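Multiple structures follow.
Each of the next two complexes has chain A plus one more chain, namely chain B in the first and chain C in the second.
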Partner chain A sequence: MRLRPGLIADYRDDVAVFRSNVARFWFAVLLVAVVVLGLGGTLPLIPGLVDFTLTGDLLLIAVTAVFASIGAIGLNIVTGFAGQVSLGHAFFLGVGAFTGAILGGTEVTRQVVDLSTGQFVERTMLVGYDLDLIIWLPAAGLAAAFMGLIVAPVAFRLRGLYLAFVTLGLVFIGEHVFREATVLTGGVGVGRPTGVPSLFGLRFDEAGEVFGIFLSKHQKLFFLGLALLVVLGFVAKNLARSRVGRALAAIRDRDIAAEMMGIPLARYKMIAFVVSSFYAGVAGALLYTAVGQLEPGSFNLLLSIEFIAMVLIGGVATVSGSIMGAVFITFLPRLVKWLAGFWMFGFISDSPTGGLVTLAQMELILFGGLIVVFLILEPLGLYGIWIRIRNYWKAWPFSY
Partner chain B sequence: MRARLLHEILPAAEADGSPLLEIEDVHLSFAGVKAIDGVTLTVRRGEVFAVIGPNGAGKTSIFNCISGVYHPGRGSIRFGGRDIIGMRPDRIADLGVARTFQNIELFPQLTVLDNLMLGRHQHLHYGTPAAMIRFGRAAREEARNREVVEGIIEFLDIQQHRKSFVAMLPYGIQKRVELGRALAMAPKLLLLDEPAAGMNLEETEDMARFITDIRHELGIGILLVDHDMHMVMDLADTVLAIDFGRPIAVGTPREIQANQDVIRAYLGQEHAVADPGGAA
Partner chain C sequence: MTQFLQALVNGVSLASIYALIALGFVIIYKSMQVLNFAQPALLLLGGYWVLYFATVWGWAFPLAIVVGALFAAATGVIVERTTLRPMVGKPVFAVAILTIGLNTVISVIALDLMGVEIRQMGDPWGFGFVEFGGLNIAHRQIAAIVAVAVLVGLLLAFFKYSRLGLAMRATAFDQEVALTQGVSVSTVFALSWAIAAVLAMFGGVFLGSGVGFERSAAVTALKALPVVVVGGLDSIAGAIVGALLVAVSETLAATYQPEYAPFLGKGFSQLVPYVVMLLVLLFKPYGLFGTKEIERV
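Up next, the complex of A and B:
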């Protein structure tokens, strides 16, 4: 039987990620656009296109945004889908980051005088194993996932604000451990280099030719991140529309009823924490590769709150919302800096002392203000705004 | 295409009248307040067993004991010959006990379809890794269970609400969806906590028809609590009346309607002399 083209006649097509070829087409267009954005001046297909691509500091921020997106999806799995508010995301990011750095970094030793014998001895200053990206990246995810497994039992008995408070403690414990374990982390103010992103000899942290195209190190990292984001994004999307995703949503909405429907709460809360932490570990391991240096102090409460903001502003319990939120929050400081250049925003000063508010202060003001505004006016976040725009144009020119 | 009958979608049990749920001398108290005080009842396969009683009599507490939310201090609850006291609610659900709630407990941020698919949770067996890749088995199982859910949607006549978010639906439809979610679990025992509460006459009649169909086609045991006496007396095979957690009478609807203790519990001492038929 011939059916109308595009008619959904199969239950599998009905719950597909892309429900039509039109949706598939626009996703491909988006992907191509992002790739062109990243290619920058290296691919002069059309004269003048270079002006619209990412270069310099914008590209560096874009690299961070892509890696942050992976972390934001992770937080959205535990907080958005499963409804378990976690302020401990920075801890899991940190575990991933340092695992990656230890496994993928180089050992640093120094000659020191042994005071008891007066002889020179070798002492390890930083542990490093020089492993390949293919090993240290999954390992970073798994190490964080393992920490998630250990932390998850806390969520069996607590929920809401109480859980948020306990996971908050996790950040402080983590920060302390990262500071003190200097042989692993390099210590406060010094830090250590990130794991070397080298995949079977292909260095992502050095400029060079790939498939005949010369790419800068930031461009290489950008594409590495993009590839990972697409894969992990689809994995999260699949999880969300499966029996596991539904069970998580049920626990978020009504946990007692969920249990009486045959859903073991402890098991699914554990799954949420483990999967979420895995994403955080992968994101953490890559987040600072563009800069090349890790600092134990950066995995603090502010980082956790930044990720909460990504989820809230982007869109709770959506994968695309997590990405929108991560991109938005990562570009926010740059946006403020750009705005400060206009005369009507003259009250924002780019010197650290002068003017009414400094750049850093303005960032914080916007940060807090945006969370409040979104929570009150658009609880669905940027994703909700996008849905409204999409629905408007679906019906255009008939607005009702 | 002919609408499928319920027993073509869900497994039907032999309505042989053998005991399914046996509650014996159950006691439950909260800080000294006796919520259930020695209730004994047996629900048989293929039977509609109703529990009636004034507000606060302990009807919902009995349900919560069966579901595993409350743990009675004394007595035994056996389901299919197995002692279920102390079991986790999800384990009891796995054994084949499904329920609806007095105040609707649907998942408001999910669609009708997802709520019903949640009812199929224990019939979907793929794990988390398969869910992430969603290839082969996971996709096949989802499609097969969706067919069951679609059958239930047809049975309850809620096709047009399939993709609506539950929070947006009118109360009567939500009650129906909740029945559908319990039904999707393919239970051996269905606990219905006030399925007709807050419904108008037409909606109550619909609900009664659904319950009758389920009972006749699937042959499962149904434990029913409701204040709509016309519905209870029409549907039930056996009625248990309780007051302050204590059983006061058990028997056929006709016997209960004529029972002086029941009339007293509902209407008070002075009216006990009134016409027995009017008590309902």
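Up next, the complex of A and C:
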């Protein structure tokens, strides 16, 4: 069968991660290209490539994009594969982020005057345990997954649309808790540093040599994220083609029919929710490491909507689509800024008040507008566009 | 006791605003099974039109309301025609997410028009209030309660006695059957969006009258979503009962929580609608008055 790449003869071929060696080859090429893109500036051997490398702020955005991709895959598991709309992704990202910061961060204490005795006492301002990345990163995922496990039974007593509301409530309750638990989160407007990404003494947040190549801290984080993304991406892809994945697809397509076929709805929905929360926790813990500071107010409804936009614009129920969407949405602010430089987009102003619309407003309009446009015109998202372009060239010049 | 009654009065006036927004939501859900997350944005935009006509152009307030309502209705119809119509027959989730996108876009436009400062509505009520048995009842609160009672009465009469109201009820019951009986379902869709947008506009007007209209109105409008869930997505009576329940618990929490349960943190009353929603859903998965979905295989 391997001789005819387009031929799908049995189920095993249909659900294979790579349908042919050609696909395998191009995946390897893509991976190498991304690695070269990340190394770029430090590879003196290929001076011609330097123009295409990610440097400065582009690299910072790329780091965020990689971590956001993990979160987007997580949301896609519950929304795309299982068909349950969750507006609560920001809450799980927040749980992961603060768990990571608490376990991996440093304790901050301050001398304060005890008013009853008049003595100076040591008071803990921020809780921190200085643990290694190998502990705090999985712990962040597990903490978020545990929250998912607690919420899921309440959430899945409800059919369909009511779930969107429960998760909406979750975001607001979570935001309130993050704001008020100042000893854990640092409080509104102040926040706290993220967990220190240090793996067995290898610091990802400091520039330094790795295997004889000098890497900046953003490059190190980029490769950390890329490695995680590849692993978690394959895990998600394999989950989708396993027994669990088929059950989730059946629930998405028609839950009553799925139940009739003997699929326990509550259990599989719970699995989807917990796995999705785990991804969110991991993504949340790392999302702000490049910036280094967490702010409790940032885990709000808008963040959830951003992730929904990633999933929708990228492609529902596809892993590669989630990544495309996450990269696209993360680069969008930068794209808007770049567009504002051209005369025909002069109405976009980069001052916070002037012009017809400001950069931030244009960004939001694009978020919302793209969600609407993609839902109406291309429900399969960027992934669907890619498939159509590929099919066009596959049959070229007879593609009509 | 006075404190309690005062909280109750504030709760009822807040409930009237929630009820307006929630009713628009229920009407859209009943007619086309669409969750309309864009309601807060429609409230901002509608409120802005009234504010603009009444203060910038200096029109009489009733005239500003009438013209504002026309603008709001037009917004609703345009939104429905351009974005919701192509989605007929698509999964309900997709449409719900689409309205979230719409909310983002329309909010940005409305907020850009409004600017950052708190703006007066140009309403005749201002800060005036009457004292009654130790209670301070603001004129705007009375205006809100009376106006909502009248509006709801008019709406119910419209559904019960007019031909279009009958058409809307028929569509809510079964779209295809209504279609075969000669009901123009597309008119019903457009009309339900127009009504929802106008109701949201009134919500904005009463939210902003007296104290001033500002960006945080959108946060208040969002709290009408738990109201709808508490009452049941497709129940008009539920929207009103839910609004009372949620708003009164919210104002009671605002009055008593800082004193009796300070560990819950500052501004906990803002969360109360969501907490009430979760509690109700724990025991009644379809809300207090919502139609239970019947599973057939």
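To be clear about the criterion, the second predicted complex is superposed on the first by the 384 of 400 C-alpha atoms of A that agree within 3 Å, B and C clash if a C-alpha of one lies under 4 Å from a C-alpha of the other, contacts with A are read in each partner's own complex, and residues count from 1 in each chain.
Assume a residue touches a chain if its C-beta (ideal position, glycine included) is under 8 Å from a C-beta of that chain, and two chains touch if they have at least 3 such contacts.
Owing to the predicted nature of the structure, the values given are computational and were not obtained by experimental measurement.
Engineer: Based on the superposed arrangement around chain A, label chain B with chain C as either clash or fit.
Structural biologist: Overlaying the two complexes on chain A (C-alpha atoms) leaves chain C and chain B fitting together cleanly.
Engineer: Applying the touch criterion given at the start, work out whether A:95 contacts chain B, chain C, both or neither, answering first, second, both or neither.
Structural biologist: So A:95 meets neither chain B nor chain C here.
Engineer: Should A:371 be classified as contacting the first partner (chain B), the second (chain C), both, or neither?
Structural biologist: The second partner, chain C, only.
Engineer: Regarding the shared-chain residue A:12, is it in contact with chain B (first), chain C (second), both, or neither?
Structural biologist: The first partner, chain B, only.
Engineer: Tell me the contact category for A:247 with respect to chain B and chain C: first, second, both or neither.
Structural biologist: first
Engineer: Answer with first, second, both or neither: which of chain B and chain C does A:271 touch in the superposed model?
Structural biologist: first
Engineer: Where does A:75 make contact in the superposed view: on chain B (first), on chain C (second), on both, or on neither?
Structural biologist: In the superposition, A:75 touches no partner, neither chain B nor chain C.
Engineer: State whether A:263 touches chain B only (first), chain C only (second), both chains, or neither.
Structural biologist: After superposition on chain A, A:263 lies in contact with chain B alone.
Engineer: After lining up the shared chain so the two structures overlap, which partner does A:238 touch, if you call chain B first and chain C second: first, second, both or neither?
Structural biologist: Only chain B is touched by A:238; chain C is not.
Engineer: Kindly classify A:312 by the partners it touches after superposition: chain B alone (first), chain C alone (second), both, or neither?
Structural biologist: Second partner only.
Engineer: Of all C-alpha distances between chain B and chain C after superposition, which is the least, in Å?
Structural biologist: Minimum C-alpha separation, chain B to chain C, in the superposed model is 7 Å.
Engineer: Would you please give the residues of chain A that touch chain B in one complex and also touch chain C in the other complex?
Structural biologist: Shared contact residues on chain A: 256-257, 260.
Engineer: Contact residues on chain C for chain A in the complex?
Structural biologist: So the residues of chain C touching chain A come out as 35, 83, 86-87, 90-98, 100-109, 111-112, 222, 225-226, 229, 233, 264-268, 270-271, 274-275, 277-278, 281-282, 285-286, 293, 295-297.
Engineer: Under the stated contact criterion, what part of chain A meets chain C in this complex?
Structural biologist: Residues in contact with chain C: 79, 83, 85, 154, 157-162, 164-166, 168-169, 172-173, 176, 179-180, 256-257, 260, 301, 305, 308-309, 312, 357, 361, 364-365, 367-372, 375-376, 379.
Engineer: Flag every residue of chain B that touches chain A in the complex, lowest number first.
Structural biologist: The touching residues are 67-69, 88-90, 92-94, 98-99, 101, 105-110, 114, 117-122, 124, 126, 128, 131-134, 138-139, 142-143, 146-147, 150, 181, 185.
Engineer: Mind listing the chain A positions that touch chain B in their complex?
Structural biologist: 10-12, 14-15, 235, 238-239, 241-247, 249-250, 252-254, 256-265, 271, 275, 317
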